[in-house]
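The two complexes that follow have chain A in common; it is paired with chain B in the first and with chain C in the second.
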Partner chain A sequence: MPKVLPEPREITTVPRISDRIFRGIVTTGGLSTLAILALIAFFLVFNGFEVIRDEGLRFLTGFDWMDAIPDEGIAATYGIGAMLYGTLVIGLLAIIFGVPIAVGAALFLSYYAPEWIKRPMVVVIDVMAAIPSVVFGLWGYFILMPHAEYWAKLIHKYLGFIPIFDMPAPAYSRSPFIAGLVLAIMIIPIVASISREVFAQTPPDRIQAAYALGATKWAMIKAVVFPYGIGGVIGGAMLGLGRALGETVAVYTVLNLVYDIRIEILLSAGGSVASMIVNKFGEADAIELRALMAAGFVLFVVTLIVNFIANAIINRTARRG
Partner chain B sequence: MATISVVPSKPWRPKLSRVWPDILGALFTALSSVAIVAVTPLKGRLGFSITLIVMAVITSASISWLRRDRKAALNSVSTVFVYVAAAFVIIPLASLLFEIVSKGIVGFSFGIFTKDMSLTSADSPLSEGGLLHAVIGTLYIVLLATVISTPVGFLASLYIVEVQGRFASLVRFFVQAMSGVPSIVAGLFIYAVWMIGLGNSYNVAAGAGALAILMIPTVARTAEEVLKLIPNDLREAGLALGATQWRTVAMIILPAAKSGLVTAIILGIARVAGETAPLLLTLGGADAINLNPFEGNSSALPFYVWKNYSLGNPESIQRAWLGVFVLMIMVFMFFSLARYFGRAKGANR
Partner chain C sequence: MINEENREMRDSMSKIETTSAASSGADIRKEVKPSSLASVAASHESKSKSREIRDGVGLEARGIHAWFGKKLVLEDISLDFAPGTVTALIGPSGCGKSTFIRILNRMHEFIPTAALAGDVLLGGKDIYGSGVDVTKIRLKIGMVFQKPNPFPSMTIRENVLSGLRLAQIKLSNEDELLESCLLRAGLWDEVKDRLNEYGGALSGGQQQRLCIARSLAVNPKVLLMDEPCSALDPGSTLRIEETIRELSESISIVIVTHNMQQAARVSDYTGFFLSDGGPGKLIEVGSTSEIFSTPKDQRTLDYVTGRFG
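On to the complex of A and B.
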């Protein structure tokens, strides 16, 4: 009896209908993240458009945030210059305080720590990242601030001749210095974990080669680990900066918002765009609300740019490793 | 016949002759710091810690310089700094947890989980009222946010890892950037769409929408990492058996990644459960339980904490700390769950 061979199956590279539907749904879902970002930008600009148009560049550079007073014929002026400046100041302070500690902790975890302390400490850093900002705010206000005021007094006493440590009035509470300290503690986890990631990618043969040539641990780190990981550390620091710039409630509790540009960081006067939005939101009328939307848009763009650069640096470093 | 047992010499073991300068150095550092703090005007914990660090640097540097050379001295100085940095990471966290527990435990009782604040005024003692409405509110908002954000997050990660479409790297990059969107901006966005655009007033759905925006990147990125860990053999095996991509993903990849995907969701929840700023713009605040997501003000734990902190009288402040305590318990519960599932995944692999 002759064997009947089955018809050869048709071989095609065209995906089935089920696959096309699947791919369609997944692609829609994937692209919806882009859509959300685009929508955020669109709606903030859409609502803040009038204020941006009326104020122009003054919105970014102006120091005044005043509602209109119709009785006296004063028009509303909205400028976030002082708040932008304040945001950058506390962000930079957070970087200055936080990054050395975070990098040191990452080095400790990668090269110094004995095994038994490594795991708990990684958990500790993860836990720190999970603490809500309102908790940091309360802790900063009630626990850290009394200490920080004392430190600020000492700094002023011994380094007061430097302009940024000058004090026109003895008001040490709720200063950019304290806000910077709180933010530094908040960004330590992210900077530390990213630094640890890039340090872990240092080629082990180079490390061993450095030791074989008689390098001390520090000489090895300086010659091998830092050159390899510096990009990742910078990227992590910028990611931390992005977090610090957008931080709202923690800063609001420990910073006195003043619409003025001040160089003295120990003085109880600072600014933060995000905190200002919460501060003004409660009693804002329709026009002020538009101004707040515009301020939110500026904050969104600034943090997005910082994050873009940070991620680009980190991705490049990670790929090379 | 005498047996000869060979004892390994273990030359890497620290010998007493090598260790004693370090021990002496540590002793000297501690004693000299105490002495300096006692004699000089430096005082308090701050003075002591600064003295301790300085003395540790001086002692360790001089010991290694005497025993070896300048490079060894530099090495020991850097070692001290690295240990100090590690301590500076631990100290704030330890202080934070200590204060939360010691301040939060004061008003903690079972009763706070059975009552809300609708019949209690802000300055009445802690034994009256509770935060049931806030706990329910938080659970409710987080549940809604999870329902919204999980599909989007998973689809985004599937798009990046499985479909690998034309925009995969772009989506990946933007999801990364999205995790840096300030929470206040998410709140403003929802306010612009939901309140200004669609004319609603404060409600739970708005809060959940804002939290979902913050949750999507965490879910998507964790899920992406998890999917990348699935060995390619599984995908190829599925395709070789004649399965379509849809069947491969649905019946092989997702079951294999199940516990990791659960971890992704829980990490997302832990990320947003304590978010305050967007809720200030979207919830409106309430003192009673509200289970209607589209109607009426509501509350949540972070909101409760914030409100009581802002009220400022001693009882409210105590209530705020109580809220922080409960909030931290919730966050830690989610966090430990995530770690538990993450570890289960490791065991399976």
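On to the complex of A and C.
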């Protein structure tokens, strides 16, 4: 006789009323963030749709941003290629300048700083994250720029043979280099605090194992702390990049927007999608406004992708070890 | 030779089991157990006496006091570790064995509130002296921890050789060293075909032996082991005990253990720590066979016979 297996039972749990209410509240909260995100995306797509359709891929690759001149029969062309390129350049510069400083600060706080300096410094870094970006912009313009111009001249003098440090005309102010420096300072707090958190989670038994093998502090950090924390640092850097890409006011203050792709980072000519939107927004007509919406949508997608990558990296390394 | 010893050891273990199984009643057990521990210790002693040459460097602790914050946890511990001997430290939980062993290679100072008094002499020189390079001290006095802690980001090979990299030692014959360390740690046969796998892919017992191999690679003069087998199965434990006895021909070993059988099986000398609520003290130290058969202090006898602790 064949064995008769019982049907699997259905297991139900009836949550308490209080539990259900609470669940309702947090669910609403969670879903509304998604809804807001979706609405923003929809709003941008809805308004920018026409321009994207008309321009096609040229919207991403084109350099020209011109309104129609009906008298001369010229149609409008909108391309954000140069701005998109400029955004990536200053974002990259921000990472290159900012991440090493942030990681250094995190290491200092985690492993070198005496106790009495640690707490105040953590607070200072957090406060730095809360400074409005226009302040960074003004500071960058009035205080940093004169110095940065001098540094740029030195770089050009000694490294000018490298194309990116070349200088066709002596215009050193409001360059991608300077914008990158200002952005670097703006992303330091977030990168530093994320790095500090992952460094602090380094399993103490591995640290002890390294020391017990006669490691110096620096050797221990290289062998144990970095391998453990690298994912978190990369994730933090990507979050910082996300912020840098979307930064508007500070960049607008210290960067000269030029609709051209130039590889010379010391030259007073750069681009930034976010700043361009602010720049054009005031006097845009209806159709240009749509183009700006479309640009906003592109920026939104780029930032979203960067953030997704950041989260994926952070999660993957959080699960390991 | 190794197998021979191993068999003998298992024999003596099974003897203990049979005697204690045969004897029912608590009173008899109390009488039987210490004497069988003593016989284990004695058989180990007779074997280790046959080893003539003892090399290595001796370690001496003199008048060690230790504090965490204001709390005194060790009081006036003086203990000699002769070159090429195995010393077991036993005692109830919280009496300061780990604190003491961590003082011996300057791991104690990593705890922010920790303080200490007294000297630790390695080959006659104070390791806490001013101008001493602490990383060199830790190279000479290796440590194996209770919980296996291989570096998960490194392969088995890299783990074994990690000490060289950490201390910036350059070697030409790394492969030879790799093999000899893994052989000495009793792990070679199990991993020789998977040296490029990650350290975390090994079993707990294998990881612990990997950690032993890792600490051997920098050629320590003294090896400190804090309950190295407490997370391991009996098979791995036996394997590590074998390793300890092989190692003790060339280096001095200090091992903390809660396992009396283990202390009796592997050690030449045994020190008994005890804290009566206050700081931990060294109650008695002597040859292992003596401690397990005729200790001088009643409290030691009580502890090794399982009457308390």
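The working rule: the second predicted complex is superposed on the first by the 291 of 321 C-alpha atoms of A that agree within 3 Å, B and C clash if a C-alpha of one lies under 4 Å from a C-alpha of the other, contacts with A are read in each partner's own complex, and residues count from 1 in each chain.
Here is the rule we go by: contacts are C-beta pairs under 8 Å (C-beta built on N, C-alpha and C of every residue); 3 or more make two chains touch, one makes a residue touch a chain.
Small disclaimer: the values here were computed from a predicted structure and weren't measured.
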Should the pairing of chain B and chain C on chain A count as a clash or a fit in the superposition?
fit
In the overlaid three-chain picture, which partner chain does A:Val306 touch, first (chain B) or second (chain C), both, or neither?
first
State whether A:Asp205 touches chain B only (first), chain C only (second), both chains, or neither.
second
Check the residue A:Asn256 against both partner chains and state whether it touches chain B (first), chain C (second), both, or neither.
neither
Report for A:Val103: first if it touches chain B alone, second if chain C alone, otherwise both or neither.
first
Once the structures are superposed on A, label A:Asn279 by its partner contacts, choosing first (chain B), second (chain C), both or neither.
neither
Touching A:Thr77 in the superposition: chain B (first), chain C (second), both, neither?
neither
When the two structures are laid over each other on chain A, which of chain B and chain C touches more residues of chain A?
B
Contact-wise, after the overlay, does A:Ile25 reach chain B, chain C, both or neither (first, second, both, neither)?
first
Partner chain in contact with A:Ser173 - chain B first, chain C second, else both or neither:
neither
Touch test for A:Thr216: chain B only (first), chain C only (second), both, or neither?
both
Enter the shortest inter-chain Cα distance between chain B and chain C once the structures share a common frame, rounded to whole Å.
5
Do chain B and chain C land on any of the same chain A residues, and which?
216, 219
Of all residues in chain A, which touch chain C in the complex?
115, 203, 205-206, 208-216, 219-220, 223-224, 227-228, 320-321
Of all residues in chain C, which touch chain A in the complex?
105, 107, 110, 112, 135-139, 142-143, 145, 147, 149-154, 162-163, 165-168, 200, 211, 214-215, 218
Sort out for me which residues of chain A touch chain B in the complex.
15-16, 18-19, 21-23, 25-34, 36-37, 39-40, 43-44, 46-47, 100-105, 107-109, 112-113, 121, 123-128, 130-139, 141-144, 147, 150-151, 154, 185, 188, 192, 216-219, 221, 239, 242-243, 245-249, 253, 274, 277-278, 281, 289, 292-293, 296, 299-300, 303-304, 306-308, 310-311, 315
Using the touch definition up top, name the residues of chain B that touch chain A in the complex.
46, 71-72, 74-75, 78-79, 81-86, 88-90, 92-93, 95-96, 99-100, 151-152, 154-156, 158-160, 162-163, 165, 167-168, 170-171, 173-186, 188-189, 192-193, 196-197, 213, 216-217, 220, 244-247, 249, 270-271, 273-277, 280-281, 302, 305-306, 309, 317, 320-321, 324, 327-328, 331-332, 335, 339
